[in-house]
Amino acid sequence: MAKNTLTQGDMIALLQRVADDTTAQAERLRELDAAIGDGDLGITVTLGFGAVKEGLLELADADISTILMRSGMAFNRKAASTFGALFATMMMRAARVAKGNEEISLAEISQMVAEALQGVKERGKADVGDKTLIDALAPASEALAEAVEEDMELAVGLAHAADAAEEGALATVELKSKAGRSSWFSERTAGIQDPGATAVAIMLRSASEYVKKS
Amino acid sequence: MAKNTLTQGDMIALLQRVADDTTAQAERLRELDAAIGDGDLGITVTLGFGAVKEGLLELADADISTILMRSGMAFNRKAASTFGALFATMMMRAARVAKGNEEISLAEISQMVAEALQGVKERGKADVGDKTLIDALAPASEALAEAVEEDMELAVGLAHAADAAEEGALATVELKSKAGRSSWFSERTAGIQDPGATAVAIMLRSASEYVKKS
Amino acid sequence: MKKIINQPMDFVDEMLEGILLAHPDQLKATGDPRAIVRADAPVQGKVAILTGGGSGHLPVFLGYVGQGLAHGVAVGNVFSSPSAETMFEATMATHGGAGCLYLYGNYQGDVMNFDMAAEMADMEGVSVETVLAADDVASAPREQWSRRRGVAGIFFAYKIAGACAESGADLDEVVRVTQKVVSSTSSMGVALSPCTVPAAGVPTFTIGDDEMEIGMGIHGEAGVQRGKLQPADAIAERLTADCIADQSLTSGDRVAVLINGLGATPPEELYVLYRKAHELLIDQGIEIHRAYVGEYATSLEMAGASTSLLKLDDELTRWLDAPARSPFFEQQ
Amino acid sequence: MKKIINQPMDFVDEMLEGILLAHPDQLKATGDPRAIVRADAPVQGKVAILTGGGSGHLPVFLGYVGQGLAHGVAVGNVFSSPSAETMFEATMATHGGAGCLYLYGNYQGDVMNFDMAAEMADMEGVSVETVLAADDVASAPREQWSRRRGVAGIFFAYKIAGACAESGADLDEVVRVTQKVVSSTSSMGVALSPCTVPAAGVPTFTIGDDEMEIGMGIHGEAGVQRGKLQPADAIAERLTADCIADQSLTSGDRVAVLINGLGATPPEELYVLYRKAHELLIDQGIEIHRAYVGEYATSLEMAGASTSLLKLDDELTRWLDAPARSPFFEQQ
């Protein structure tokens, strides 16, 4: 049976899995970003998550908050970019929520994602519907709030969040970009799924799978 | 019957014909120069003889010496190059010989070509056998000296000179370049006829044809 | 495009090593090899100007670190933002107690990272103000300023902000002057061929053998019009007219002109463009105070060029005319 | 290669018009629009340095007309010699009573035309001496000096001869110093892609997509070896080693280094080359006094680079370090 809280060890293992799963989709992300951006998102996740994994080796004894914070910085140090800065911002906000916790439950995770979303909005000044990763992160955050409300198990709640993120990412196909590089040719972006939203969905699905299997 | 001396009017008509005949062979000269040089001899004769013809329009009342001198300078002003400088040098030397003459006979022409040859040798520091235009000009000069010796008619002497220049140009196929741009890859130049020598042969044949027909 | 490189992943670091080895009298690295500062940094008591962005645009950005120019730079991978930490490192190595100006091109990845760096610096008690270069007329109309990209016109901002900071002006004053220069600069470019990011190995975009794209960005961002390659005079007319219109320049105005090569376009061709731009400006009664022609902001080996016009007043003219010196740009 | 030009036949004259319009404070034309001289010419009582050659190599040759550099230039068509008359015109517009030095690259078309110009000047009572740049190691062994081509290393000759002439040295002294610098300069280059002369419309040579040619001349003259494209470090090793060997440089010697881009090769790549060249020189105990990295002698949009080494003594060092200023090169 899947566990209902995550320990420091879980967090390391979860991040490793997220790193591997997202890197495995690097080519797909590169293609999407090449279609409506500059095509670097594939290399960004490969380098960034490579740095995260390397950094985790030295975080065997760190607490959850430190692991999150350091992983975010490691990613952006190696693969600075819009996505890198937003990933670092999300991790920093999540780390703040987790501060002092030995274990985290769905309630904390829900709060961490909500804060991460808030951080992204502040950093990038975009909102829902602008065809950005917010369009995956915001529904995931809502799903998590619902899950907490309905007292779901951790694995179930995360699966809901991943479903919501994937739906949200899929729905970006219809949207025209209003933020970032692709907003310069906004009209031409309809028909392509947003690469950043896709990455967020991949990451959440991966986290959900980790919890389901552990 | 062909005439035995050339007047000022002849010189203008002769230069016009030489200009036309050589320009007509520009593509062949370009190809030869492209094979063992930098391929600009085609454009050089086109521009240079174009300038000569333009200049002749203002030389209707000039004497033979002036016509020669000005034509050489006009050529090189418009199409400065190795060939242009040598053409200007030849014409300047020939002009010196013609100075003060109302008409010129085979004897003067022979002396003009001999002086032109001398000028080319001084200017370019090359000699017979170096795979240059000297290999056409030197035999032509010898043929003219013989023709004067044997008291040939002007047309006959010039035809001899053109024959000799053509043979000399043809013989450059076997030679390896020892002067100018092509000497940098001397070995690779065997098998190609020297473009400058070819141009001199074309010019002398054209002059000979003018005299034959006039 | 064939490149003179070793491993693509080492390209940026080896390039930086080369630059530091060649110019030790002018530049030095910090604890972070991607954070490069003036050899005499920190400059005590003066505003420090920090810049940064992706590699592949030399002299932008590193090339404008020098006397009378910027003080430090954060260097990213080719066409990618530097990290917030690198910019923070450059900031801490240059600031001399009088605050910092972050001056760089308006690209979101850079903005996000440098905003983070500014927050980090703020936590260390170093005050940072930001001015973004956003001169590319093609990227958005003037009314949508915040969406405009920065391109070659940032040269004018470095030159003028650098001279102003060098004079000992305080941060407010440097910010005011820099804001004036960026809002008085308009650029428009044309791309004829793509370039290849070493780590990618394939061209950033494709374009027909007889085509050009007006307004294409310096990373290959789509422009405003793709069409048949035009003669130089027609290109000059289009680029100059767009800059004139953007600034609403009229007879009696005074400008500085920058004709910039994107990489593979020879200086000879840039001067053919300048010739026509000059004629057009003079014809409209616009005075040309200074002309800069050459490679001031490149995209690796992209072929193409851009025109930038800076509308001058007396203050900007004085700072523009001041001396400057870096390994990539000297003005006496 | 796509070009930003109008009619190919107008290319050189329009380029010159652009240069004169952009830099009226520094350059002016003479009676012959192809003969360009310093705005302050003639420089009374000092040796005038005249240069010239084909177009398409900017900053060579016109770009080195300036303060502490050359005084006048005769400009030919692309890759073609200027005429004797143009050089004569430049000579008469610059000479200031102390004689002239003709300083240019060893190409026969130029030699013939400039020798004619010198004879014409002589008839006007102006004495002319000639020193030819012949730094290209690939074109002939050192023993066959008269067959060597001049390439990017001519930059050092302009810099040093110009500073020497500026100091008021007499013609004999300027000739002596200039002869020393040209015989102390060695260059070796590599070409990766051809260029297209506008009037010709076709590339000057062809080369495979994965090939490079070591020692190719700046007009596409055949080099010493064509082979697979090598990594930057291997190229740097070859170019540097050939220059070291040509000068028989050994530990304790002092040099100036020039890494020159041929046109399409970005400055980033030139610094990757410099990095390795620096390491090799230092490893051999050779001191680097100064490094110049950038486009100093180009071949339109050719891709490739060259390394030049100038062996320095105290005298050459002093002139090398002197200030200079032209629209294409400034040193403070």
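In order of appearance the chains are A, B, C and D, and numbering begins at 1 in each one.
Here is the rule we go by: contacts are C-beta pairs under 8 Å (C-beta built on N, C-alpha and C of every residue); 3 or more make two chains touch, one makes a residue touch a chain.
Predicted model, so just to flag it, every value in this text is computed and none were measured.
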Legend entry - Co-neighbours of subunit B and subunit A - touch as defined: none
Inset, instruction - Write out the two chains that share the greatest number of C-beta pairs in contact. - result: C-D
Inset, instruction - Return the chain whose centre of C-alpha atoms lies at maximal distance from the corresponding centre of subunit C. - result: B
Inset, instruction - Express in whole angstrom the distance between the two chain centres, defined as the mean CA positions of subunit A and subunit D. - result: 56
Inset, instruction - Could you put a whole-Å number on the gap between the CA centroids of subunit A and subunit C? - result: 33
Legend entry - subunit C and subunit D, separation of their C-alpha mean positions in angstrom: 29
Inset, instruction - Quick one: label the inter-chain contact graph as line, ring, star, complete or other. - result: line
Inset, instruction - Would you mind giving me the full set of chain pairs in touch? - result: A-C, B-D, C-D
Inset, instruction - Over in the complex, which subunit C residues touch subunit A? Could you list them? - result: 76-77, 79-86, 107-109, 112-113, 115-116, 139-140, 147, 149, 199-200, 204, 217, 219-222
Inset, instruction - Would you pull the subunit C residues touching subunit D in the complex into a rising list? - result: 1-6, 11-12, 14-19, 21-23, 55-56, 58-59, 63, 190, 192-193, 209-210, 212, 229, 231-233, 235, 263-275, 278-279, 291, 293-295, 298, 300-301, 303-305, 323, 325, 327-328, 330-332
Legend entry - Residues of subunit A defined as touching subunit C within the complex: 38-40, 43-44, 73, 76-82, 84-86, 88-89, 123-124, 179-181, 183-185, 188
